[in-house]
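Everything below concerns the one structure shown next.
Lettered A, B and C in written order, each chain numbered from 1.
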């Protein structure tokens, strides 16, 4: 086969038989990387009874899928996954390994990178290949988003990178004849160092803001918790969801599950209305992929106006009620 | 002569400032509104070692110097004058006299738990008819076989009802005037010791200002603090130190009001500009700042002299006099610069103005301070 | 029981401003603080110490001499011992080299039962050092801890997940990374401030010569990743400002959104 061809690997995290959305986003982003490196795009999948997922991975561009389908991989645990992936990486020597920065991905990535004595760059927002050196260029925010850095891993392989959910868009790029290979587990029971006693899902009727099409978000400029009740009214009119900046969450005006930003969630709605949000970098990194951004703020110099598509200088407490009124 | 804070004092300032901001400030308005004694804050002050902070470590205290203590009272009072006086009364009016005049048995029994902050203390001198003229008090302590029988009352006692331990004063020999007063340590819950009315006040609403009632209260001999008939000295020396605590509280109130005002004038716009740009406003701020800084330095100086064992009564009097009048001045101006908003409860400055006034009155009125200072100068 | 808490002194990224002219980050004058997640890790250690006198808490950091301040603050919160790894050779390290260097220091410290780290640092935001350190030391790791209990040698944790949490058990020695949900960190206290500030050298400083490490595996030399370039994030294109009376601008915005098919006509 193409044994001499380079490999670009994407670790495909699954939970309860479903692929994590970030995996599909990563595969889509890895497409171009594989092309630039003239490499084969491969997905690595661990789990129990997860073979059907190989089809989905192929739909999103995986030319090859390596599967380890064993009981010990049913639920993610650090050491079994690290060991198994370590064994596969040392056997196949991929040029690049991408892992989605879910809680599990951020647990696995660094431990694996340490074991492989290679470099890992976390939370990349941009991935490119250097035309000359063919090195992976991994760009990520630092200092709370105040600085962007492009990182390289010149002398160690694989070049590892994690990417947060919602940074890239998932796009189908079906591959015909995607190859599926099954490998055995190398994990012994003595390798399992932690025990999962219980898994608890939060019984929330909370809407997932990352799935929202329209978001009405509030920040410090709202001045009080009651402001969010007003935003909710507008959101209801628009069939949207309410979210908040870190400042609003810290003030206790809105739950942290609805926080947008560097330490909150990344959202990519069709419409993002930022009310009383100044536009600090930490917030922008969480929403600047929104298709249309509207900003309402009393301060005409607020940084948000540099990011927004449409800006309204004025008092939220006057404009929002008027919007609600005119929307009928 | 050292005008800069030491590394220790800076760290203490940083810690108390963060504590005040994080734990005390969020409760200040509610404490004022509901006149609730902030028991939770007292427990937190104990946890961080603020109660008894200036008592030597061998007695369970924090072992800090007096300037650190002044810094702590100021930082707390910036956000809540009520909590500031609870701290000050406990440390200066209860712990300090026990340190100075207590026997080792009394120190073991009363100072140690107070210095550790597990027990709260109070000091009771004032009576309905004996304020400035404290020598004309009528609470009587009749000598009996194993101690004293005390009958009378005290009013306006800070931490009254909330404190576990009290230093009280009573006449053991009415014929001797000031030389007939003795000091005693008593405990809440003793038969014959009751609490009367809680005063509703203009300010420091959360501070429990209460009447103490003694009806045939039996106090054992070993609870006599200092010598019999030397109680007045205990009271006066204690108040000297207490003045420094109140000066610190007043400096804190002033600084807190000033900080609020600076923030307000920078965001309030009239005639198309921040009112902070108007010269009249700026000059007022300059006056507020200068007086507060001067008050602070007088307070530090008194604290420093006390620690060095130098005569500090005059310095403490000047600090308390000037700081309290500064607090009144600054809070008054603070409300003024806030305009109409300053008069509403939405902003904290109206509370600070109400809180400030008492600093000119308790622990020796400004008139008393003037007497002390004049006597020092003129002889 | 010996607990090691890894601490990093970081600039307070909330206070970072961008120079309006150059568009670059102004680093000067930004106060340095203990990384918030690390404070939660330290609090967990101190809470264990509150209930058991036998617990010894050592705080460990790698950084410039200035990081001593952060460690002193930790001592004033109640930690027993503070060690700073500071040497030119350690500078410029990425997370791999940092974890490697910290591991060498841990080996020098000797026996330990538990290592607590913050989930991530607010300057790097990578969340990598904790797990990498655990791997170097060959001990189990549990990340995203939002609650922690210890019974003998068994550690039980709630591990935060995106949609809930997992209850995980592991045996000591182990490494745990702490999230902000774990606890409410205490402040410094008077007694420890007085005690620590009266000591000449409350923080022990270790250099390259003091630990067993290959000089090629530390600092910039030992970093598999390096920064190719850094730049200020650029923000998008021109904004379209909508002006007028409240009713006008509301009306215009609604029209625009209708045109964009975001609002029903």
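Quick note on the criterion: a contact is a pair of C-beta atoms (placed from the backbone, for glycine too) under 8 Å apart; a residue touches a chain by one contact, two chains touch by 3 or more.
The shown structure was predicted, so the numbers you read here are calculated from the model rather than taken from an experiment.
Give me the ID of the chain with the smallest distance between its Cα centroid and the all-protein Cα centroid.
Of the chains present, the most centrally placed is C.
Computing the C-alpha centre of each chain, which chain sits at the greatest distance from chain A?
B
Between B-C and A-C, which chain pair shares more contacting C-beta pairs?
Per the contact counts, A-C leads.
When the C-alpha atoms of chain A and chain B are each averaged to a single point, how far apart are the two points in Å?
Each chain reduced to its C-alpha mean, chain A and chain B end up 56 Å apart.
Just curious, how far off is chain C from chain B if you go by their C-alpha centres, in Å?
Taking the mean C-alpha position of each chain, the two centres sit 41 Å apart.
Could you please state the distance in Å, as a whole number, between where the Cα atoms of chain A are centred and where those of chain C are centred?
Computed from C-alpha means, the inter-chain centre distance equals 21 Å.
So in the complex, the part of chain C that touches chain B is made up of which residues?
72-73, 76, 186-191, 193-194, 197-198
Which chain A residues qualify as touching chain C in the complex?
78-79, 82, 102-103, 106-107, 109-111, 113-115, 117-123, 137, 141-156, 193-202, 214, 238, 262, 270-271, 281-282, 284-285, 288, 292, 294-295, 303, 305-314, 318-319, 322-323, 325-327
Contact residues on chain B for chain C in the complex?
Touch list, chain B to chain C: 6-8, 11-12, 14-15, 18-19, 22, 47-50, 53, 57, 62-64.
Using the touch definition up top, name the residues of chain C that touch chain A in the complex.
Interface residues on chain C, with respect to chain A: 11, 13-14, 16, 18, 25, 94-96, 99, 122-132, 134-136, 139-144, 156, 159-171, 174, 223-233, 235-236, 239-243, 246-247, 249-251, 253-254, 256-257, 260, 262-263.
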